[in-house]
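Below is one structure, written out as structure tokens; comments come after it.
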């Protein structure tokens, strides 16, 4: 038995409730390879909020997704079964309560070997995922797409914000430092240390300049090299994209990437990796224009899922 | 057993898939008093379209609805069980195929005595509802809120558009002419006949001027008087409201009504009536501003449901 | 021979070039009773500009206009012939050059006895109209709908801005002071004199408070009483309406009027008057929301034209 | 020495940094009657956030304010000196830390007898104000404009949200229950108790229905009667206004009030009262349309300040 | 005699009715080389509609076009005469009636040897053009820019939608299969066959990946090679562009092209070809952001016209 | 003593009045290296206006700027002191009066050796800057980023518009022709002369095609080569960027540049030059989408300032 999207050649895509990609909304881990879910928590945003409505708008945009990936030549549901798991419960305004709820809800999913795709919410949610993963399987590798490192020590004296999760995660033993790579950093920083700090934690850092100058192939190789076959979480902050491609986010930074570049890096950089989870964060629909941010986000999730399906195919072909 | 909304004091209202009012999405008529459903068909719009996305946006706005109606002093789910039935299948671009599908899908609902609340879609869908009702129980009364009579004979020679459903419905024997009332007509017309035509069909017509000058109480009384205890369909075109209250619609007309006025007319004019169905049509989110049209629409549906609950209470108190 | 709109029951209203009300675009005064024209000049705006695109957006909204006025029971083109005259040439950035061009272009129209309906543009254009009228027929009465008196002496030392046209017009002998009425004044002022100044010029002033408290009938009577049978120009600043009804304007003031109220005042207050011209100014589409300002403007122009047609009918019935 | 706005007849209103009403930005309480300040905290919003950008957008809209109030016939700066005090420091995401900061920053202002006008932020900030006031002068009366009572006990188990401040304030001894009046309640509620709860605390409650049916004069009298000469805080949630007049807010409720109605209630209901502070909350610019919410908010603050000036005039005339 | 735009150094470009590029609106084929016209039909859209307002918004954006093409060093009106022909009549909601009207209206244009530039409308209109061309001159070559092949067999069982025109056209003998090239395909598909189907019809297909990797020169050469000197129709779906460059369309697909890339492909790939018609479809202004889609569309039409002028120059230089 | 931004790790960036980059608002030239100021004049716009609100929106976006430039490895405030100088006074609607005011206000700034960064306003303001510079230090070099040359002789007979400043500046002896370079020209032109005219004045012109084909390094070298060590003004029209990156401007032209390309050209092309002033013009917030134009503008100003700081560092290292 396999969960797959409703057939859009039978009913129009704008018909029916908005589940991700028109997948069935089933709260199960049985016979499921991946589960898309919302984590509508945006209390930790340091500038503009609104990402609590990210899951809803990404689902809306995902109505346009179809099952076959032309570039990877893979039909997702030939190899995978997937569901829309709904949203995780959160407590708006209260980060610690939310982290506790996240861990409680995510652990059974990771334990079941299902790959969750969490739609944020702000970037603080990744710490909740990493804590749950750690409880299930210990520290993991990380591939982090973003314009910011999010490894500040604190904001206004507060240790838990959307600018600090990766430092916290490292301190809590959730991350393997030298299996962690951060990609896309750019924009004005507080000080040189903003990037150096990540390096001090052992992280590989590819700045936007590195990628613009050395190219997609290089970037993909660096990801593969850093992560190897370590189990890995992939975290994608939508502000990795240039604001022209993703205006609907809290802290946009100019000089970023196109969706074509992002998708190519994903397709090549993530191919065959041992991925335990994905997230895509910081989509804030009330700041969007022409819904392009939500369309970009749903397209990137489609590439993530395609990578999973491709891996399954490779495994079944062995 | 009773279907009712998720408890928003337990989980935030922005958590989870968007069903109307956070009701369970169950495609059943068992133990159900009312069923909210989308009819995302907008092919028949004569000017600006986009109402196929009405159901989605009204559901989104309905997250804010709570169960107790202060003005009517009624808690809906003390008296009613309700579900989100999802959307009816439609065939975009093809009105006759869509009508056939509508009748097929709606008949069992009317037969089960469940009251459907159809969210359009454009106003052509009301003919589909009326055909289904006719098959189940014969011609009915009609309460029609709108700025237009929608009783033109044809548009560009075509008999089936969103400007003609009530003439067609009358011709097809779906309506009891002298139990039909049209409320809110205004704006430039093609000719005097536009209103006279309705009168020729036996319809009662209250123009916007009538209502602005004679008031809400008068309007409510005229509705009660016209309909009496005949089974009645209520059809609400969102352009009954002034464009300041509902810009997100295809053919707005200035000089209209506030949401307070609309709700008062509903609460008083519909109280105790023998209502077999409701619809709310012509919400076009891509033309909206500040989402106020969708909020207005969801609030009006709330009043409709409250009227149903109030009726149930009256019946159970007998 | 009569100029009238294309028949929208034959071709959809969204088909074809945007002329006002789908009238023929003919640059003639022969066989013409009224001529709609744009005056896309907004250099004189003191705060937010953009009204140079007013004519285009009002024309776009006017696609929805049909020929019969329900409230006045008059079919415009039974009594009138009307054209879209296009836009007057203006010189953006240069007010004096623009005034000269306006007078040159408007004089032949007033001389031909055609009633122009000028779509602004900012409120400075009314001085151009009044100068042309004065040359043709001397000083006239004025009915001025607005939230501001626009009778300041100067702004930043400059005598010609959109806040000064009526003082200049009075000084230049274009206006008959005691046949001038200003309606709708409200909002914070610089000083009490802002209204008193108008009174010193002999103008009647009805503040928003007067109208809200004394009502539409009173307002209509005051207009009729002030103007009598003197030839009169009607100038309508869209910010007479409340920002909820007309956000797309440069200097909105809360506490204003609904479109129903505006239309009723026009229908009753202007009935039978000897009107030589109309203008509707300060629609700034880039500041609009849901296009409601443009719809309001086109609806108000429709009432103006209906008043003309009603007058013609009265005259032909004598 | 008196602080007053820059003269807009000398420099255009769009020139210069955005202080409220073009007042000097001075962080002093010397020679100051009122001080406008932002409290950009929106962590406690239960549905849509974004009010942290309220102060900025209200300041932007306030560029249009001039010093003379036509309806009250008072020139504010003949009687008052006022400053833009800037924003209070807050800690986004952390409500208790923010409350502590608020009390620390507000106490010296209340102690100096300066009247603060706090621009929110969400409605949770009022508890911070009330705590500071209590420390300075004990419990006070309250006039609360809103569509919600905000006296829920908790949301998702959390005691501190924007839906609970007035219950908390009462429990903490900040409010005099029978000197507290809540005005404008409407919309769907969780249960009858939502309003009854307020009554149990001794609060007077005027629902939207009460006001729509009994009128502005009645409402003003009820305010005056409830408050008497007790020192009073005035708290205005922008969702008191109808969404047509204020779409840019987190939890809009249809069936509300116009800006004219709000201003009239303020002018008459607050006249002569012993007011110790004001706030205006829940303006969320990213949800606004045509900036009308910010214009409405700045206009309401103008009426608040005018009431203060009017009181000063009355006192100086004694 | 030659038709050319109004001189914008004489009158401001925002003055006057909106014809394409300020060309004269003349419904003639005499002395005309190209005729721009709207085909405002969007009934066949499978997801988001609104392209019926495409012609109006592209005309509005085209006000900025000037006559000289810097990259091609050609002044269009040195070589061509062009008009705005207005819009073709269509029947909204009824595709077969519209096709019949299209053929009837287009045939005389093709017969006169005038090159029509049709502004859609959705992509179904291309079948109408191809039918008219076939009647006049038999099957032709096709250059099709799009992110989708639009060669599905049917949608929900319906043979005529905006996803099927090129399969229908091939079946009806309008197209020469091996003279047809489709360019830009990307995004999730239903199945591999979506592209293979086109290949089965003999079409050349360049996917987005092909173009991103092999470049503009390669793409231009493939076009030239496929088409040769066969008479050819050029059809440009605006979603060929990336959503960052064209958000205002019904079914955007990420990973697309910039306007620079599109214009370069047109300038080089179409140079010297024997072009019988152009269309540009799927611009939906109500979904646009910052009007960039309409500006992009008008700029692409400018390149089309420049290619025509360049061809004329080459011919006259022989 | 040094002026630098408020520390955003201490107070949230959305707290407080909007000065550029959170710099102190001080109207001084003492101890100041650079001074950011608004010049909110947009009277000279030939098509869409609104740039008078550019300074406000760029300041709002600049809240996100931090002091360290990752690509240039420079911390601005290690080497520079900077202030927000507020806005220059202007006279809306009157260009000559505004030029006089500009010269009067700018001269002391240039005399003090402070580098002003002027935020427009439309492009006409650059002539005001150049006149002031000429009075202080004679003619200078110019680096002009734009899609238009702005060297037309006149518009509608008027010599002073935003399309003519560089011709006027050359005629008035403000510019050294062969030290002037114009970069990015593209889009339809009136005639070949539009670019040739610039060449006739001795200006170097790099069209968009030149840059797209020859690359960033070439462009940077051409700038360095043309300017050498001559004192130079840098003028950046935001429409140098592609409309996808900067929709919020009056006359967008497709086929433009990304923010990454613009920043790279600035970093490399301007490095080490003897820069006397900058401006960034034509940001029109009311035409923007997702605020991306303002974010782009503030990011480009950040690169300008970084170039200044880098130069200071180089000088202090000598």
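Letters A, B, C, D, E and F name the chains as they come in the text, with residue numbers starting at 1 for each one.
Here is the rule we go by: a residue touches a chain if its C-beta (ideal position, glycine included) is under 8 Å from a C-beta of that chain, and two chains touch if they have at least 3 such contacts.
Quick caveat: nothing in here was measured; it's all calculated off a predicted structure.
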| item | value |
| --- | --- |
| Relative to chain D, chain with the most remote C-alpha centre | E |
| Classification of the chain B:chain D interface as same or different, half of numbers criterion | different |
| Euclidean distance of C-alpha centroids - chain E vs chain F, Å | 38 |
| Chain centre separation (chain C, chain F; CA means) in Å | 40 |
| Centroid distance [mean C-alpha coordinates] between chain E and chain D, Å | 55 |
| Shared-contact residues (touching 2 or more other chains) in chain A | 11-12, 14, 46, 48, 52-53, 91-92, 156, 242, 244, 287, 289-290 |
| Partner chain E, residues of chain A touching it in the complex | 8-14, 63-71, 73, 75, 242, 244-245, 258-260, 263, 289-292, 295-296, 299-300, 302 |
| Interface residues, chain E side, partner chain B - complex | 42-46, 48-50, 52-53, 91-95, 97, 156-158, 160-161, 286-287 |
| Touch list for chain B against partner chain C, complex | 46-48, 152, 154-156, 185-192, 194-195, 207-209, 212, 242-244, 247-248, 251-256, 287-290 |
| Contact set on chain B toward chain A in their complex | 11-12, 14-19, 25, 38, 40, 52-53, 56, 59-60, 84, 86-92 |
